[in-house]
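You will see chain A twice below: alongside chain B first, and alongside chain C after that.
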Partner chain A sequence: MTYRLAPIDTSTFTAERAAAGTGTDHTVIGSAVQRSDARGHVTGRTEFFEDVAPPRLAHLKMHRSARHHARIADVDLTEALAVPRVLRILTHADIPNNLFTPLKLIGVGPDDEPVLAVDKVRYLGEPICAVVAETEAAALEGAARIKVTYEDLPPVFDVEEALKEGAPLVNEYHGQNHFRYEGHHCRRIRFGDVEEAFARADHVFEWRYQSAPIEQAPVETTGCVVVPQADGRLRIHSDTQACFFTLDNTALILETPFNKLRIVGGTVGGGFGGKVDVVVEPVACVAAMLADRPVKFVYDRAEEMQVSSPRAAERIYIKDAVMNDGRIIGRKVTLYVDAGAYSRHSPYGTTKAAAHLPGPYAIPNVWADCHCVFTNRTPSSAMRGFGVTIADFALESQMDRIARALDLDPLRLRLLNAYRDGDLKAHRKVAEGTALVEVIQKVAEMAGHELPETYRRMSSTTREGL
Partner chain B sequence: MARLRGRGYASVNYPTGMNLGGDPSQALIHATTTGTFVISLSSVDLGQGIKTIAAQCAAETLGLPIGNVLVDTADTDTGPHCMGTFASRGTHRVGNAVIMAAAEARAVMLEVAAEELEVDAGDLETDGTGFIRLKGAQEKGIHITDLALAAHFKHGRTISGRGIYLKEPSAPVPETGEMDPDSCQAHACTAAVVEVDDETGVVEVLELYNAYEVGRALNPAMATQQVEGGAWMGVSHALFETTEPYYPRRDHGPRDFAGYLMPGPADIPLQHSLFLERPAANGPYGAKGIGEMTANAPIPAIANAIFDACGVRLDTMPFTPERVLRGLDALHG
Partner chain C sequence: MPSQIVSLVVNGEQREFIAAPGATLLASLRESLGLTAAKRGCAQGACGTCTVLVDGRPEVSCLVAVETVAGRSIRTLEGVAAGGELDEVQSAFVDCFATQCGFCTAGMIMVAEALLDRNPDPSDEDVVEAISGNVCRCTGYRPIVIAILEAARRRREQAPQEVASR
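Right after this comes the complex of A and B.
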């Protein structure tokens, strides 16, 4: 078997690699062992959760909010219940502990999101009623025939608008349109004195960056099959990215002992962060218990794209204090994470963004305010690199603009400011194991970008050239 | 009308592990009487290859062929706790837990072999072939299959081990943001070469030069797949993807892959990738988490390359033809 192999550089960190046994001591580590599930995946033999087909399997489909922000005046189930093969329709009253937030497991609160909407909807697509039926078609038909009467409320979609006085309140459980961090209105970084840096800088540059929500787009959509067991337990076949996290959250919502639930998973058709929100298992478990038969709840593609939580949109303002030679002596960042209507994992992602600032550079004065803001859109949550990916777009665009404004080589500007071992980061942790200098030097070599000798001799482990 | 070529750069770092720690994972390992070691986990394989990496870490630590290791994962009745697959934590957390479990099992394996061979356990070694042998006397040894049988039926010993990895939780200081967020940092740099069609606004990424510092490439083939796939995702984020094309307006949201575009085969740039390894002191065999990072540097590198090509600074993602054309209009009237 041959594989595509990107080469491994042997010219950098030679002594450290040798000390770790690289190239000499290992028989399995460092070798191209075949991925254990590759054959199953390419021959179609791998079993995913949807390959579980228990007898009497019922199907669950959701009736979702048709409004961005509205009071629910009335829910009429009459026509839906009359659809043949519809077994049951769940409302918020059927969910034992209807209000939750997934990160309560690591101490994040308050509970701010209903499993099924109670008296209000806060985003387009919010789940209101769950239709359980003997066939998928009947569940869809039932969901389509539910009639909800709304009283519209003004929505807010822009993060800075949402923070203004008098903006519509998105989420009453927070009481204001932002998450509160230990009494502060945002997650803060305060390191050195940025105002003093702006005062003595040769140049001050300030620009704005914006992203939009991005879908994880796994091949396999979010879903589960819940199978009641003879002993009263529930076996949950799920494509969750985190089995115990899903188990614990589901048990809290069901108000059952944790050991009533068993999650079976571990073979997932792509996650990218989209499968850690615990949005299908709790309601499917309630349905399985009430209907006393196996229940499947799986998102269709439209739900995955427009209802399942995406990567948050971010708005980022960066203001830099820069000297004529390109040294950045101060960086001030104001960052807004658009959490949508509920917390999900966004308070965590916002703190992760703060920890990432000011990027991989040694900047002695850093100020950051990172806001987690509620708006009337689909809640955002985890996605590959959230808190970091969009910040990197802003930070590295900023570096390019500074280089152009000062007519400096963009790689030399980065090498000059790159963090090295021993530098104190803005969150006051001493940097170690750094290698930014070396990856920049290698890309310069690969892409034929000439660097002067002094820059080629720079290292993450020394101060040479600074 | 012209196709304008440009080049842009970006360099990034990325933290390994759940932000602020407090995200343990456990591993249990035991030998069956066949001499096969079963690793019990509840970790999830999303396609990234944690099952393979866990088996490699166990085989290396035990000193046995990888064929002697099975991975049984993601059943909460049988597998010990894992926080989950996210935050570029799987290889680091689970790898470390597996190494700890396998080291404990290896110590028992050598003790039982010492009894069986009537030698000192400290004088035994493994060479990755399945035999435990006396150092300096290669003819004196025992195969793991025979040893596992003897351990069970003759010595009454279990060859097993327990492992856990926990980075203790750190609480940020609210006033200053002082915190210990990560276990280590991986690094990447990208040079992107693009062509911008100034008539249609379409951006084509022609080439990506990527250098990744990953601590240790535990499986160079899977690492290659991961960085190439990640760079593809970066290109996709840069040029195509959003569920709200006119954010913060809510209209025109795509509902399927006909409206939510991604790079197809013809849109994939030539990728030149290189690994650097600076082993992390706390990483399994030095490895850092690289799963998430690899999508990040291409995005700003492409933005910077577009500016280099046509003078349009795109400060809003994604870099659609509409935004390019509006930028060109603003420049040239």
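Right after this comes the complex of A and C.
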């Protein structure tokens, strides 16, 4: 059996490399370059955060909400505090600045999420109390012995239900179940006149798309080890994907100057967006300060799957005005992003979704309402192209369904509608460096899919042949 | 149940330490012996990142109570690079881009070592079968399979020379 050793095709630029000769550094593209961290990985010497084992390390385990939506009537710590080797139990009162939202660093507000729950829980698994103990087993037992009395509230799990009049209010800090964009109820795009396009179209197609939340499931779970330093600073060993973002947010939550914290990181055992929210470091820092010893807080596998923020579930309606020859003259999109109980990165993800519409196509009339909706589900956040990926699933499924309905070649339908350099996109940016036409042509060639001469001659730089 | 003294032969060296009741082989290696190459991905036998060899057989060390393997021979990734030189599996993992974040790598390499020890010329399917208990979220598995096949090839090519030099 033959196989290629490197995952890239090193033959692509062989001729160029040969022509350039040696002694030039313009020959990297198309050659396999060893990863700088590979040697550490294959010898086991790469240091991940959990490989750090300072003396007197204490362990933190979380007591989490057993309800999707409830008022907290009472928290009883008596039994938990009696567990041998439990050092301390943190509640919201121990967190200097308990209310935050991670994107406040770029001006996104309001603060809408408590580090530890105060009077209410808004999703299953929301952190309520943090138990710090000398051993992991004692921390777990302490967490299990905390007694929380709930007064149940009706939960809402569906984005459209959540926006209905009279739906249970998920997040009081917003005052309604959606994020407000500069005074608007959603992120909107208005370009041309879609209603006029529907009136004159040969066909109108409308379909609905729905995705589920997707957990990043990194093989290394989210966590950190915080070590108090002799000079009063905290050294944070973390597997965050965003060291400085974590440092800044943690400092704001601790109400401490940024230079009191030092992050040791950059080695991430798989992230995929799931290690961007700042969730474990702030509470571990408070624990380390109050217990005055190193503290480790790391999710077990069940926590990673249940409470680490997944890719948002989305619901997308697309309505298209299409002419007999396949030209799309109008596209109306209503998109709902399920943010779960708190903002995290979803207001930003929803904006990304809006900017991505109507996909890589030149459609003269576009209308979009993109809603960032709060529900009683696990807060969603970043994951590989979030905002864009699910929109693409919907848009490209839509293109295939149109092609099928009109009995058109799906590749030609796309070539006909593909954007070209110089086209004004729906959000008023001029398209530059487009390459969809060439990519489709190449794919067709590789797949042995016949395209007529006029389609093979199309180009991203001109509208000729359209 | 009191703590007890456990002794193991780890990477050819006799090691003794005090194990708390119920301590796993993984916790003992990482916390008592300072050998952190084996990782905890799930602590429930599902991901394979904690794989080490017990008398040459791959075992998920998070599910092994350490006293049940007292006196046995344990091989970890730290014991693979003899004198700092990479062996065929390690160098093939580097050359074939079979490691990205690196978190699954220790488990993958130990499984590969065990496979090649008992089958120097594995098929594609043999390799897939061998790593089927190990999760990797980064590579998509294909580069790992290729690296193990390549390592087998390199080892087979070297074998006659080793015999000759003995």
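Note that in this section the second predicted complex is superposed on the first by the 436 of 466 C-alpha atoms of A that agree within 3 Å, B and C clash if a C-alpha of one lies under 4 Å from a C-alpha of the other, contacts with A are read in each partner's own complex, and residues count from 1 in each chain.
Please note the rule applied: contacts are C-beta pairs under 8 Å (C-beta built on N, C-alpha and C of every residue); 3 or more make two chains touch, one makes a residue touch a chain.
Not measured: the values here are computed from a predicted model.
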Touching partner for A:429 - first (chain B), second (chain C), both, neither: first
First (chain B), second (chain C), both or neither touched by A:53: second
Per-residue contact with chain A, leading partner among chain C and chain B: B
Chain B versus chain C as contact partner of A:313, first or second or both or neither: first
Which of chain B and chain C A:372 touches, first, second, both or neither: neither
First (chain B), second (chain C), both or neither touched by A:157: first
Chain B versus chain C as contact partner of A:283, first or second or both or neither: neither
Touched partner set for A:221, first chain B, second chain C, both or neither: second
Chain B versus chain C as contact partner of A:39, first or second or both or neither: second
A:339 touches, of chain B and chain C: first, second, both or neither? neither
Overlap of chain C and chain B interfaces on chain A (superposed complexes): 3-7, 32, 34-35, 37, 41, 217, 268-272, 301
Residue numbers on chain A that touch chain C, as the complex places them: 1, 3-7, 32, 34-35, 37-48, 50-51, 53, 216-221, 268-272, 300-301
Residue ranges of chain C in contact with chain A within the complex: 30-31, 34, 36-44, 46-47, 49, 76-78, 80-81, 86, 90-91, 93-97, 99-106, 109, 124, 135-138, 142-143, 146, 149-150
Complex contact set, residues of chain B against chain A: 7-15, 19-20, 22, 42-47, 49, 51-52, 55-57, 59-60, 63, 65-66, 71, 73-77, 79, 81-86, 127-128, 172, 174-182, 184-185, 187-191, 209-213, 215-225, 227-228, 233, 237, 241-245, 247-250, 253-257, 260, 262, 272-281, 285-286, 288, 291-293, 295-297, 299-301, 303-304, 307, 313, 315-318
